[in-house]
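Next come two complexes built around chain A: one with chain B, the other with chain C.
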Partner chain A sequence: MSIAQDEPGAQFRLSMLLNDTRYRGYTFQAVALLALIAFMAYLGVNLVQNLAAAGLNISYQFLGEPAGYDINQRLVEYTSQSTHWRAAVVGVLNTLLVAFVGCFLATVIGVFVGILRLSKNWLIRQLTSVYVEIFRNVPVLIWILIVMQIFIVVLPQPRDFKGANASASMWFDAFAFTGRGFYTPKPIWMDGSWVVVAVFLASILGVFAFRQYAKTRLYRDGVMLERFWTSLGILFVPCLVVYFIMGQPIGLDYPALKGFNFKGGVYMRNSFIALTFALSIYTAAFIAENVRAGILAVSKGQTEAAASLGLRPNRIMNLVILPQALRVIIPPLISQYLNLTKNSSLAIAVGYMDLTGTLGGITLNQTGRAIETVLLLMLFYLTISLSISFIMNIYNNAVKLKER
Partner chain B sequence: MKNSLILGAMTVAGLAAGVATAGTLEDVQARGKLNCGVTTGLVGFAAPDANGEWQGFDVAVCRAVAAAVLGDASAVEFVPTTGKTRFTALASGEIDMLARNTTWTFSRDVDLKFEFTGVNYYDGQGFMVPADLGVTSAKELDGATVCIQTGTTTELNLADFFRTNNISYEPVPIETNSEAQPLYLEGACDVYTTDASGLAATRAAFENPGDHVVLPEIISKEPLGPLVRHGDNEWGDIVRWTLNALITAEELGVTSANMSDMMAGTNNPEINRLLGTEGTLGAMLGLDADWAAKALAVSGNYGEIFETNIGENTPIGLSRGLNAQWKNGGLIYSPPFR
Partner chain C sequence: MTDQHQVAYVRTEMLPEQAPPSSQQGVFKWVRENLFPDVVNSIMTVLALLIIYYLLSGFMPWLFGGVWTADSIRDCREILDAAGREVGGCFAVLTERWNQMLFGFTYPTDQYWRPFTAFLLLPFAVTGLMFMGLIAKAFRILAIVQLCMAALIVVGAMAQGSGLGMAVTPAILAVLAFAISTLAASGTPIVRYLILMTALYPFVAFWLIWGGSILSPLFVMIGLIIGYLVFKRGEAFGFAAGVALGLVATVIVWIIGGQIAGLAPDFLAFEAVRSRDMGGFMLNFILGTVCVSLSLPIGIVLALGRQSDMPIIKIICVVFIEFVRGVPLITLLFVANVVLNYFLPPGTNFDLILRVIIMITLFSSAYIAEVIRGGLAALPTGQYEAADSLGLDYAQATRLIILPQALKISIPGIVNVSVGLFKDTTLVSVISMFDLVGMIRGPILASTEWNGVYWELWGAAILLFFPVCYGISQYSQWLERQLDTSHR
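Presenting the complex of A and B:
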């Protein structure tokens, strides 16, 4: 439109920057930008001056020095002689572990509760709304502490498993549930175990292929194949057959009480379980509300139309309502995932060594490099959060309404 | 994103900005209150009593300094700090001094830019276990779960101890002493480790202290003392010599009971100099002549403070040991008042 107003040959004059509506906006934006840059530069210079005055120099050299402390949960090799950088990596992995498991559990619980909140059953509806209201309205730190406290007080400690008349015992001699965490058997991979794993992976692909085939048959011939039991069969039968043919190449390492603690098997620490569980049930309350909102956003006519076609209620939910509701659910779900990830930095309350515990806790303390570690910490959380947003946005683009 | 980074750094720097301003002494006098960093609660060293008044061995040092500088032992704002927050609080100027059983180490003194003004308790790291565990030596702790306060020298000592003895352990990091207690008592940890004095104080607060034993091994040297920021030597001198005054008073036999008699003048010139009836020591510090007398009037000399807060007749029941006067075979020794 501005082109239409242009008189041919009109000269650009400096005063037009203020007087001409075409340029005035840009002028003000440029002035605002310059002011912002000047302000930030002032803050930056001030920061550097004050740091110099306080005798603090920014240096990341400490990252290469030995950390000197031990970390209980290590997903990668780490000893007290490893560097501070390595300790930070251990922390990042621990954070990611909690974030991943937490988001998964929160989604499962949240979707389940969200659907139940719309149940026709009065009791279920009230129970789930009590759950949502209680968990949404109490700070998550309190929940973490409550879960940890219950964990420690209710469950038996390893010493209770000792002696002739022990007050606690293991489940099937394979699982131990103690106040210090859960112990489960650990698979031992022997020669030839890769064949079984390969068959298992192939079976998973097989299940998908079968489901695709069943769908084609349904659409083409109108024949509904039995899917659940067949899928289960495809998943497990070939594996078991190969497992015995190969001479049982996968063994189990059972946990056993030795000295102060159980040894062997997989050890899930109380701090990990308490933190993950508390974060999941807390975030699930929010997700439940998102799910409920998403379902209510699908017009009732859809349900009625599906019902008039003869679909059963659970099929209506799976085939008609949820796919449409997902478009409303996903965007707020992303921010819940981000919340959960960031809330995991409360881990130190239960002694879980996440990134804030290692880099932002012990390393910060032992080296006294507060500014450096906090900056690094912010950078890590920013990266993790943006990655989660990125991945979830890809998914969101896949499910959102395709406008043609 | 960049903005938030800079703003975040700004906040940190803003905290640090108050450091190199005017002298701390003038600040404290202008404020009329001493900001003293203490623990969040360790009975005997620093904990509020039933009336909400802070009491303890470290608290007494704060009060003595407040009395020397402001003439009022109650003009102290006690700032509870955790092992993690204490150094930031001091470096940022939030507190004027830190009396929080803090170990004097090279890197804290040199790299973190603090000034330790002396040692008021010679300590060492020990282990506490439930008696029914039947453990008699720390070397039998292979595979044990150990609760440690994070952000302290203890977690470094612990890693070194287990590594040199080639035994394994499972560390459980805890933020404060009060959070560690339930974990230890419920059996989520087999062992609780911190400075031996801290263990004694913690055990005293248990329902059945007799069910827990402190193992004989002391695995580190932990000289604990008050500290101030680098760069303000006048303020450092005041805190250093207030502590020395408490120690010297015990050595010279000046107690809260006989102090008023001695104020009238004695034939021991060092006592006279200490109490300000002779010489100009107070003026050299920029304080009143009777600064040390005011500090001593609060809760007596070093020995009296020790006995009332953590001595053998208290629930904590620590013997003087290394913390006896040098004349009695201990390490407590003050330079002369001259």
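Presenting the complex of A and C:
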């Protein structure tokens, strides 16, 4: 933006600081800076006075002291004797876990619903738009609480699995869905299992290499190699072979009913499941709209042009429509991921111990160090948001239309 | 060839058009094309029908078999058992506790009509802004809505045996709305007066909801009016000088007015209600409207600052916006709850609701700033250059050329942010304020009478939030189409 500039050349006078557009900017900035510094100083003085009056100080020493509370869902080793810092780390990991699983689920559901909203089928269109509108227009906190309630009330309790004529039963004797949470088998890593894992990672690289090779062949010789089944084969066959050669080093620990509860396996608490599920169906409604808008944003002329080149429908979708739609879909998609991550702080409403529950909840209440904990809390979310928007900017620059 | 039409087997007259085959017209064709076009779609239709049937078969008996009058959940179950019904909602909790859900549990019961009136006046305040070209139609709809409200309340009041007076307000307002619609239809330039209504509304609403003497809101308003008049006079010396003079005049009037209001605290006074007695859906509504309206001007300033050429101002705005957008609202509410007091002068004790309003306003102003920045960036450079070539300075160009267009472009975005913010006001329940969600989770579900009545209460919460949010977002889409002056 440009604004009218006064003519250069006149001798500098003090009044120019107000009247001359060349210098007025400096005046404004100086005033703004001074006002900001004065405001900060005012807040700082108040803070010092208030802290002195309350006999407090700013210190992060409490992070090294034992937390003294238990966390019921954790990804790393933690006991009530661990430090507050350790509790915060557990919280961070729990937040990231919800964010990752939630984003994944939300994308799957959102893309699915978004495509269904463009279906030829009238009934499906209406159903999906009812879903989208209801979820977009009611607060996410209400959805989280409702889903949690559904879990507690509707799903069977572990005691219902007991006895000869139990009212509930496990799926394939491996999965149990109860009101207290989900139980799934847990892999046991025995000697030699690292070989299998290494082979699996290598075959993922192999798939990429094969795709590259197939592309080169296509461009050089015009030969289309079968890609899907070959990729699948590369991914799984070596793994399975090595798995059996090494004598099946990876076992499964099945959950089983012991007493009044399930033992063994992986236990996912109801609060985790409810939070993740509620966040993902809520965010999926927004993603569905983004996907729909993205597909509609590609003009019909593109489809027709591709068809007139003789491309078949699925190749039109893959090569012409999707790359252009993705350019429209991905930026709002990423900001939905960010929203989901920030909304995961609502875990506190269902008692899931994410960072807001550990550091911003119990630690804050126990130590009374409000400023320090809230600052750390903000710093964590800020880091995540800024790094994701940094990545997004790189992506946007990479895919934006090269205009002259 | 010449006498071909005399051959017996050649028709001489046109056959009348036949109706298309039954498979190609009417309901049958529609069903076939929209529900069963191919195998995959047919399967999906059947699945969808099954899902709908499953949902409705569970939902309908629950809804229509519900109990509307009972003292507690045990009463409800006894009544249901006595009637021999398997399922049925216990809606008695709504008839019993509707006032708590709407107004919180400490707002004086006999004063409910005040926030209620403020709520009913809201459409009058916003219609002038919202439906620029469609005033007559909008107010006719409004009259109908208010009449329906009055009727509903009369019915409800008969069932309850109280609160009949509350039906008077919507009835009067319906008459008012009808009068305005007639005036607007007759061609009177009524929009100016409606915008006056918008300007008056905040003060009227404050007086109605918080009560106290009319003098304090009155003097705040007079101060603003005098400030505006002084600004208009002072603008001759430049925009900045005008703003400064106006501010000084406003503050002087406020100080004098404060003294006078202090002398006569009972002049035209309603019973005063403290902020901490606000609750229920009313609290969501207050927080939503107050914070959105306060954050608009701040958002505009932030957006202009971010687009500015001056590096220091730009940096300040960017840091503020990115910081606020990077943290969840809940952490800002924690700040309002436990941290903000440390930064205020020792001895001051802000109301929690005021602290929350400050933080939510800061939060939403950052989002609104980003929306308006989008609008500013979408303006063609030619507009800025045209303003410059007319010799307008920055303040004039921004006010007369840039902002009107940029704001027009960003209205849908602003509305979306507002809906999001309105939904996010439920988060205050986490810092133990009793908004709608807080009321349901706290006093109602924790009471011995209603412990266990989940679906009825959450259903009511959905019913309160959904129409508001859906209505606003539909309106924003409608507005987007109205404002779209491009030709396709």
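In the analysis below, the second predicted complex is superposed on the first by the 365 of 404 C-alpha atoms of A that agree within 3 Å, B and C clash if a C-alpha of one lies under 4 Å from a C-alpha of the other, contacts with A are read in each partner's own complex, and residues count from 1 in each chain.
Throughout what follows, contacts are C-beta pairs under 8 Å (C-beta built on N, C-alpha and C of every residue); 3 or more make two chains touch, one makes a residue touch a chain.
Since the model is a prediction, treat every value here as computed from it, not as a measurement.
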Looking at A:261, would you say it contacts chain B, chain C, both, or neither? Reply first, second, both or neither. first
Going by the contact rule set out at the top, does A:53 touch chain B (first), chain C (second), both, or neither? both
What is the contact status of A:385 with respect to chain B (first) and chain C (second): first, second, both, or neither? second
In the superposed arrangement, does A:270 touch chain B (first), chain C (second), both or neither? first
In the overlay, answer first, second, both or neither for which of chain B and chain C A:43 touches. both
Just checking: does A:142 make contact with chain B only, chain C only, both, or neither of them? Give me first, second, both or neither. second
Is A:370 touching anything from chain B or chain C once the two structures are fitted on A? First, second, both or neither. both
With the two complexes superposed on chain A, say which partner A:153 touches: chain B (first), chain C (second), both, or neither. both
Would you sort A:66 into first (chain B), second (chain C), both or neither based on which partner it touches? neither
Where on chain A do the contacts from chain B and from chain C line up? 43, 46-47, 50-51, 53, 149, 153, 348-349, 364, 370-371, 374, 378, 382
Given the complex, residues on chain A that touch chain B span 40, 43-44, 46-47, 50-51, 53-56, 68-72, 79-81, 149, 152-153, 157-159, 179-180, 258-261, 263, 270-271, 348-349, 351, 353, 357, 361-362, 364-368, 370-371, 374-375, 378-379, 382
Touch list for chain C against partner chain A, complex: 33-35, 37, 41, 44-45, 48-49, 51-52, 307, 309-313, 316, 322-323, 325-331, 334-335, 338-339, 341-346, 381, 384-385, 388, 391-394, 397, 419, 423-424, 426-427, 429-430, 437, 441, 454-455, 458, 461-462, 465-466, 469-470, 473
Can you check the complex and tell me which residues of chain B touch chain A? 1, 3-10, 12-14, 16-17, 19-20, 83-84, 87-88, 91, 107-108, 111-113, 133, 141-145, 150-152, 155-156, 158-160, 162-163, 169-175, 182-183, 186-188, 190, 230-231
Which of the residues in chain A come into contact with chain C in the complex? 1-4, 21, 25, 28-29, 32-33, 36, 43, 46-47, 49-51, 53, 119-124, 127, 133-134, 136-142, 145-146, 149, 153, 342-343, 345-346, 348-349, 356, 360, 364, 370-371, 374, 377-378, 381-382, 384-386
